[in-house]
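Naming follows writing order (A, B, C, D, E and F), and every chain is counted from residue 1.
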Amino acid sequence: MRGLFIGRFQPFHLGHLYALKWMLKRADEIIIGIGSAQISYTIRNPFTLGERIEMIWRVLRYEKLYDRCIIIGLPDTDEIHTTWVAYIKTFSPKFDIVFTNDPLSIMLLKRENISVSNIPFFNRKNFSATNIRKKMLENDAWRKYLHPEVTKYLDEINAPQRLRMICNLEGKNK
Amino acid sequence: MRGLFIGRFQPFHLGHLYALKWMLKRADEIIIGIGSAQISYTIRNPFTLGERIEMIWRVLRYEKLYDRCIIIGLPDTDEIHTTWVAYIKTFSPKFDIVFTNDPLSIMLLKRENISVSNIPFFNRKNFSATNIRKKMLENDAWRKYLHPEVTKYLDEINAPQRLRMICNLEGKNK
Amino acid sequence: MRGLFIGRFQPFHLGHLYALKWMLKRADEIIIGIGSAQISYTIRNPFTLGERIEMIWRVLRYEKLYDRCIIIGLPDTDEIHTTWVAYIKTFSPKFDIVFTNDPLSIMLLKRENISVSNIPFFNRKNFSATNIRKKMLENDAWRKYLHPEVTKYLDEINAPQRLRMICNLEGKNK
Amino acid sequence: MRGLFIGRFQPFHLGHLYALKWMLKRADEIIIGIGSAQISYTIRNPFTLGERIEMIWRVLRYEKLYDRCIIIGLPDTDEIHTTWVAYIKTFSPKFDIVFTNDPLSIMLLKRENISVSNIPFFNRKNFSATNIRKKMLENDAWRKYLHPEVTKYLDEINAPQRLRMICNLEGKNK
Amino acid sequence: MRGLFIGRFQPFHLGHLYALKWMLKRADEIIIGIGSAQISYTIRNPFTLGERIEMIWRVLRYEKLYDRCIIIGLPDTDEIHTTWVAYIKTFSPKFDIVFTNDPLSIMLLKRENISVSNIPFFNRKNFSATNIRKKMLENDAWRKYLHPEVTKYLDEINAPQRLRMICNLEGKNK
Amino acid sequence: MRGLFIGRFQPFHLGHLYALKWMLKRADEIIIGIGSAQISYTIRNPFTLGERIEMIWRVLRYEKLYDRCIIIGLPDTDEIHTTWVAYIKTFSPKFDIVFTNDPLSIMLLKRENISVSNIPFFNRKNFSATNIRKKMLENDAWRKYLHPEVTKYLDEINAPQRLRMICNLEGKNK
């Protein structure tokens, strides 16, 4: 049995890892589907697809989960939401169930008779990507919510500085 | 050191696997970049990205190469070839060298000061995707050029029948 | 004489039908042009083009207006508003006048020397698609603003539930 | 029961009308889906979507078939053939069966468990759009293959001259 | 030495001209790159690319700067910001330095090892396109911030009326 | 009076310059519209928009024609040829007449009541871009058909080698 775990992973944090491990108890293999694959350098989506694959890959490698996990990119489909399920089937290897908490995704997947399951939250208030990006921006403690491999990588690419520049820009254009 | 191995893998055959193993002797990790990711159901590109990931993943799993290989999709960039290198950098984790035999890719990559190396051929006359697709179409012996995991998968999705239908269609529209 | 009646029809309501009948007194045939044809599953555009054609078709059939009405879809043209009039001419049969209340459309059509007329409102405060979607969302009385054929169809596709799910989603992403 | 009749209708000829009447004996309503809706001014696709709707509409009006036929446009979906069925479901009202002779369409529709039926040919050698366009180009007798309403319309828009200009152009660019 | 001066020039005002002359003291030639080239008829981007080229061209002609200035259009690259530098290199003649105050552009250009310099402001509070558009909308004195050639042109195309219509529209759709 | 001179200029040769000078006798100003602006690195379109602007600019500068010539880029509009005239009007400053020999362009422009004039050929057999590209590929004498400024630039970017690489590639993919 194979599951598809959909998220944007901006960035991939310990809540995601916790959920992944929970899924690996219920499925033989998990496809990690990185949504909004084509977007980067915005406040909600600061990291490129390549950077998000890098983060997740380093964690899989460290945790020795690579034998049961496949990472893929899932680009958005503009305004034609109704073709999104067909896109996923085209860009992903076969799966038996989808793990997601997004209400629109759930509605669209069910319409096509695909099994859907919610993702369990692990202390959602803190372990949320929105919260982590906010803390990064404000120079507040953010490293504790991430796997050491991700922290190290985000420091390598100077993530907090990038977020501040993007934020500065988007504020100005408002 | 990490290399990027670019191909269309329509389908992934034993020549590709031979080349991959050759690269793994020269680099710590190999990113397998599946080109023309958005195309499928044409004679030159019969398989979807998801199907190509599936083929490669099954081989990696069987050969226990998953700890050093990352599979990614690389969509084409229409007619604006000059942005292709920027696309690759966006959609791929970091790499130090690119393995490809495509002259346009080599020219574009060198223009951006990226290291490039040729892919060694392993009996190219037979182990070429074009040759294998031709044999599939003509019901000639094609299974011997593929890893057993790929053969099994192509039978599961009834690949030869798909090729004949597409061929029939494209001939008609010519 | 043929008129083009442009709207988004999210959903098609009795105010639209009233306007259509008013136009049919002034023109031999009316083309009903469904704008933002490519968008669906958003708060302002919950229904697909196919669903909007279905609503309008059922009303035309019930009211026996099919001999003088042609339904067409009109996709948006991204940010290049200045090509929009050329799009309309490409996607629509010939017309002599356009009925619309949209100021940008009026400006662009007049720039190309096309006759434009306003659409008369029929109790606009209540008979507006925005108002009807709001009432659907809040489970307030919405059926009275719609033709019985549309009401029946919207119940078939469970429209109020869809609106609440989309609303829930967009609220979350804000 | 409702059927979807897919064609490009470049132009709509008597073979299409014969097929339409055959379908109307088997279904309550027929949706006439105009494929490659976005293409025009090429040798294989000389007429715009609006012009093709105009041809078909005039025939439906003359033949009083408007109470059971719905005309829609179906744009192509680039190279991502696998999303095409989802597109059709989005852009078309509901249907129970699809009438088409295109092998790729048949394969893609069956993959999604949609009923498909072939379109019966009526003297295919002569009543084919390719043959009619060829005769138009060569100033050979072409009017006898078309409904008088279509003939009249094609003369209005000076169709043979357009074909010759396009042919001239494409030949030059080869 | 050649510089690339990037702006949206909605409209081109005296602050821009001041900056251009400042750059022409530091470089042999200046490429004037008109950003967001594909957008028009919005509040932030009311003028088409053609109209912006017209404004700038008239000023260059009047000021006899045409022997050292090249005007080009630079379309946006959707959400894939990371390919923007490659776009610029494709659509622009060669340059040695970029003049811009946009933080995201600066970050992306520096990532590709391109020299960047800030544009000096000339009384930024008044000489800003946002301020000028606001005054046009409110019928406040706006002509004094523009070159007489631009003022004359904006009156020719009835710019203040266009702004009010667009503003009216966008307010309504909010 | 202002004319629009449309060509692809792959590359800009002495026949083009001859035609430009002929037009400058008939019009006050000439807009040089570079068609297929988005394409490059193909056999028919080897040079980027930026490179083509560079060639033309150097000739204008050398010939001191910059006070009466405006260079612009004109991207293609996919398959929707019917919006092409609207595109041109959006991306170009105002013009009174178009100079082109392309039959489709002539047909589309006349449909919109725009004045069109043919471009006089100057020894067309030799002074054609197709012929020049062919000679470059075959290492035959090509420099004599080009302005010395263009020849120098094409040598700078190593144009003949690029053509051979592209040709090699396209041959292989056939």
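Brief remarks follow.
Heads up, the rule we're going with is that a contact is a pair of C-beta atoms (placed from the backbone, for glycine too) under 8 Å apart; a residue touches a chain by one contact, two chains touch by 3 or more.
Bear in mind the structure is a predicted one, so any value in this text is a computation, not a measurement.
Across the two candidate interfaces, B-E and C-E, the one carrying more C-beta contacts is C-E. Distance between chain centres (mean CA atoms), subunit B to subunit F: 37 Å.
If you average the CA atoms of subunit C and of subunit D, the two centres end up 26 Å from each other.
Per-chain Cα centroids separate subunit C from subunit F by 44 Å.
Those residues of subunit F in touch with two or more other chains are numbered 40, 48, 80, 82, 89-90.
Here the touching chains pair up as A-B, A-C, A-D, A-E, B-D, B-E, B-F, C-D, C-E, C-F, D-F, E-F. Remark: subunit B residues 77, 80, 82-83, 85-87, 89-90 touch subunit E in the complex.
Those residues of subunit C lying in contact with subunit E across their complex are 78-82, 102-104, 107-108. Subunit E meets subunit F in the complex at residues 37, 40, 48-51, 53-54, 57, 61, 64, 66-67, 70-73, 75, 89-94.
Contacts from subunit C toward subunit A in the complex involve residues 38-42, 45, 48, 162, 165-166, 168-169, 172.
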